[in-house]
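Below you'll find a set of structures to go through.
Both complexes below contain subunit A, partnered by subunit B and then by subunit C.
Let's look at the complex of A and B:
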């Protein structure tokens, strides 16, 4: 029957212009769902938004810094009093909208006003950029403006340029918001002009119809079938094309990009092997390794890995009496066999680290600290120093509060359905059992686990954490203010709180490096969590593409810089 | 009499359906943490400061109406039972539901009804096609088995029972690896329904859709047909031993005539029960097939909603399935009476 269907229907099979060489097909595991540039909240929508729109600044991994994008140069900052700073930008003179009109400071002011307009479901943007209190336009230069920002950290200055600039000419051609100042707009719910604008903006339904909003990025939306695919077409005339030597941020080579939504990894791998996909990023380790070993696939595909800023950790709940001292946490860390776990869960492709700074960031990574070793002997010694005593039945006890002895028995929680987490838990349980420490595995569904972590209802927990090379603010993760919000371990100390606060405001690279190294040193002793390894993004791509520009930032590649090999390069 | 009939056929199922979705609403909200779906998104955003994160969580809870009490009454061990008034989550949800408003998705903020309609656009062609093929194949094979030799019938039934034991995931993956594999038979596409760029003439569109749906449909047919055949075969076997069949044969009817004209109608009665399950299953979609073949249908929508605690979508889907089930049961009752007028329900 299948043979019949195939023979009968092959006559009706599509003429595959979707596979033209100009079209680059990229795998997505998830649909963007929402493409309103002020409401993006998942990696797919971030990726598309950055191709349709431009912001003032953008992260550049090669430079490990935020670099100008729509802005002509890095912003100039000036502190005001003890709580404000001025951040001055100038827009690139070449930057224009699709209708040819220049992108001006007035567009930035308009974007900030939209972002603060009451009644729109953009609370997240409002919370993220709420520290931008006002904008001052330069009367002499229509491209220059100054943002008045609350807070004086360098991170705030960088974040102040991280939102898509919207076209005033398209959304508010009458300029109805010009008469309302930025500080006033949040309180101006009753002003008819603002109310009318909010209604107009909401009626556009940009979340589902991004084509109604012309952006200043290199691509426009060609088609979008939610849950299936999304196609972007390169603008024939994009403003950055006039630049003689555009920086990496302003390069856009593919004439068409099609993102195919395929949730299942096995199907996506098959599609890549069949030539129905060109790029598959974030590939599971086993599939990636299998393809690398296949002679036929090696002929068709190229394989890349990129050091990411995501790392796997085992967290200790320091609120538990048995885990309150650093020596016990150190001892238990020595029961984690990191090299074996990298081999078992990542097919050997991951980078061990001494702490939460990626070894890739050489300026800040504390390379003098030793990597964690698997050593039950060392664990036994450290347990002894933490006053744990081995009992005749093989278990461990120490005097607790009152007359009740403390017994060393643990649970280890992790997200259910994640094989690498389960492998870590099993390895730890096995090593702990050999020492006489009973460990119970607790696999929980994601939301349930998050709830337990926030409530401090765990002993040990396995978590994936993510950082980036641009910001070093550990307040949510390790500061006393973050306990119960992002600081799940409950760990804090006056020393680490102070270090975290100093790192945030440090602007001198040498001073920052010194503080970060000291912070890693303290963390290596305290061990509220143990970093097992930094993951690598695994990307497989068709050989019909040129060298794929890979990056350690999500999604692992730079779609706008993918180039097809020219005939000359092939020769 | 009419009022009682109306209550029996319409009132009772509607009350049952309302109770089911109400209990589901209360259970999902009561046992899950309202802030989980928000926190999961915000935790990954390093740009948000702690104070802003807390405030934002409250704002998002307020927008979703999750900062209100769950029900009209609440119980606290210290204060006991307390009346919460009508400004509660259940009242708001029920009022919207009575106006056919299923609310907004937590994840995408799109109207749930739009998401369901969109998903049904993909699910119904898939499941209806699979159901029709299964029914046709089931009838053909079950009746054909009684026209063939006993050893062959036994062999076919054994094979069908083996097939019935195989899970859908295994069958769908097997078909994918057999018929969409560059190393074996590269006959069918591995996912989706193609893109708009794949230009085809209007008369080619049905063929194109069938080409893309072939493997998902066959996966469903291979899973749903064996129980249908086995059930129908057993019922036919029983009917063929009845006296009216002997009479028919004595009057000179061939085996084929006996089966199709006399036995099949009676044998079909137990199968109607199976078919009454068909309609809600058609609407609910097939999670495994939709995920594996990357089809954005109802099954995938509901599975993703469950995984991400998108309760409005999940409840909207359940409401639709419950309503369809009620309708399917009413239709099944009618079908029983048509198949055998002696039946009084």
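Let's look at the complex of A and C:
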């Protein structure tokens, strides 16, 4: 009866609930889980961090480049020797903290020291910004500073400004870290000043209490109920408000942003139709198309699509003995029917890819590599080459360590509530079962799935990954330094480590293209993960909002630039 | 008029039996191979070749999914119903037969049991980490203490075990929490396997059979022939087996169809909410849940809904006839 009642309720006509025009309610499929700026590791925490804090530079899709944010202008670079470069920034003179004190180069130096302080969760920062070796403050201008970076590529210069600047006045009011230089801090774990700072920082528990860290972004945290909602309030007086014509990066219109965590896509769609949500990004294709065709929904909603740099992957845990060899991973990849999955889950609107570079980036995409084909026959051949033998009962075994034979039986993990992930898992399972490979589906709630991924407790995992067209640093994702941080598959090899390092320091575009193509070739063989397709962002937004600022960068829209419609636009 | 009524009842019963037999036959004949989704025809409407009952949003054929869902009912709901009746019946019999004073246990074993429970609570972490070693040590230690105490006269003196009050308390506790909420909370913590779901349903649904069995046992144990059997020196086990259960089991067996219907509904609801069986296990509830992804796909409501309603009505019909 309950089932029937639920179905009946879900079929009822949506009713609009009372809303305030100043509060923009945005759908999230997952909770940010932690909001410590040092540990940003998922799209939701990335989105909030960019509203609470500012970094020196920020990606701008329209300009296809990194643009100044807290920096006054693009950095000036100067090469030093054959392996270093100086990257000089000047901070905006208008930029201030919430207490009115100016944001100075000293704050940047402090942030870099925090990002290198032993005892803090700095693994991700180290993997991404470990190339920043030192900072030199300008004695004449307190807003000017120079970063000493390893590598001479333009990518390194761009990445060097992509971390949130932290307030020294709030975290270290005594300036205890000023006496420790940046190169020395990594080696100074035993220094009392650093140890005391680390203890103070850890005691703040910023992962759960981000409100204890005042940022220089336009919003502050109003409330956060993990797994339910998170509300940000616009600062009454934000430093960028004084700019006469603020650039897009420094605009912040909504007075309040409320992110509603609704993991289940069908429930989120219902909430949108009932007027309980204003923005729903990454909507499943079938739901999106259905709403587009509904006259009543078209009256209330606007629909947007944008080519994204987000791609769906099936990740192999290479720590598992059965998935350690590339041939097995290749074989299993041939059991994924990508064209049919695109048709079923994306209504045919997605772009298959040979690897993690988007086919839209023609200069770097390896278009000579063949796309993945669905071929159980080829999978069988590859399994044979990987020394797997079919047993009389139809299963697969090969000699394992010692005398114990290794059985090919897998689990495939994915986020519960996401229909496209489930479709991929079920398709893979049926194709594998036809070959005699048992596959068990594990649909887990997002926070539990994240824990399992970090701990390496999975065989195969379906997850979305997002890139951008500005930088090609795969260190967090695929380098040995990123294992346990962003590299969930546990894959690394001397060749790929070397290629990743060469790509980020490549100065010549032709050389960079050559290296990226080689990297794609190697990854197509190694397959720590298989890229299924690059998807489109499908966003449905309430008509009570103005034109939604849509972007191809994660999360597909710019929340801080959402506006209510002007009278002119309504007319 | 009576004949007409009887004819209708027989006719209903025949229909119910026919439907339930069909479900069982369908479940037994259903293919056990993993279904292949037709990704080119997802949420496809019925009456079109080759998917005559349509497909779900994942591209699975609804007809095959219905058949495999019937097998899930056979393998999950019926064993769960049987275990529920067994557990409820056993606890209800014990509560009704011994009441609060009939079951007497030596003090030594009371103390050993208390220590065992306290040890389990105190060493919960160690039990989770190394179950065999810790539980073995606990059992051995408590057993030894119990044996040592049992050597003394004080230890051998019995204390009454208030089994009736304990079971009645458990029934009240379980009944005070809505069944669905209780099962949902447990299932949400850890998605159960098929075996786990059977266990979960058994542990949460035994209260009604237990209450019935307790009442029937209380009534039966006062009968003259039971008193005579006791007076003749038969053991409790013999009295229960030979003189009480033959009279009380039919009461619980009456409950079987209704319990199966209840558990089918519960399993369907859990699968509909996505916290029941693993996603790869076909079930009618999962078919119904497809409507949330494709609200226009009426066939995802009609076919599994009709199967569910007919099965439940048939079970109720059987139960009525038995009464």
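Going forward, the second predicted complex is superposed on the first by the 330 of 571 C-alpha atoms of A that agree within 3 Å, B and C clash if a C-alpha of one lies under 4 Å from a C-alpha of the other, contacts with A are read in each partner's own complex, and residues count from 1 in each chain.
One rule holds for everything that comes next: a residue touches a chain if its C-beta (ideal position, glycine included) is under 8 Å from a C-beta of that chain, and two chains touch if they have at least 3 such contacts.
From a predicted model like this one, the values you see are computed outputs, not experimental measurements.
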Ask   = After lining up the shared chain so the two structures overlap, which partner does A:266 touch, if you call subunit B first and subunit C second: first, second, both or neither?
value = both
Message = Once chain A of both complexes is superposed, is A:321 in touch with subunit B (first), subunit C (second), both, or neither?
response = neither
Inquiry  = Contacts for A:93 in the overlay, against subunit B (first) and subunit C (second): which applies, first, second, both or neither?
reply    = neither
Task = Please indicate which partner A:565 is in contact with in the superposed arrangement: first for subunit B, second for subunit C, both, or neither.
result = neither
Query = Can A:340 be said to touch subunit B (first), subunit C (second), both, or neither?
reply = second
Request  = Count the residues of subunit A touched by subunit B and by subunit C, then name the partner with the higher count.
outcome  = B
Request  = Considering only touches as defined above, state whether A:287 meets subunit B (first), subunit C (second), both or neither.
outcome  = second
Task = For A:425, decide between first (touching subunit B), second (touching subunit C), both and neither.
result = second
Residues of subunit A at both interfaces, subunit B in one complex, subunit C in the other = 1-2, 6, 10-11, 264, 266-267
Query = What residues of subunit A sit close enough to touch subunit C in their complex?
reply = 1-4, 6-7, 10-11, 264-267, 284, 286-287, 290, 337, 340-341, 343-344, 416-417, 419, 422-423, 425-427, 429-431, 433-434, 439-441, 443
List of subunit A residues in touch with subunit B within their complex = 1-2, 5-6, 9-18, 20, 23, 31, 33-34, 39, 41-42, 121, 123-124, 127-128, 130-131, 159, 162, 207-208, 223, 225-229, 231, 258, 260-264, 266-268, 270-271, 273-276, 296, 446-448, 450-451, 454, 466-468, 471, 473, 475-476, 479, 481-482, 485-486
Request  = Within their complex, state which residues of subunit B touch subunit A.
outcome  = 32-33, 36-37, 39-50, 52-56, 59-60, 63, 107-110, 118-119, 122, 173, 175-177, 179-183, 186-200, 204, 206-208, 210-211, 214, 218, 291-294, 296, 300, 307, 309
Query = Any idea which subunit C residues touch subunit A in the complex?
reply = 33-37, 39-40, 42-43, 57-60, 180, 191, 265, 268-269, 272, 274, 278-280, 285, 288, 291-296, 301, 305, 308
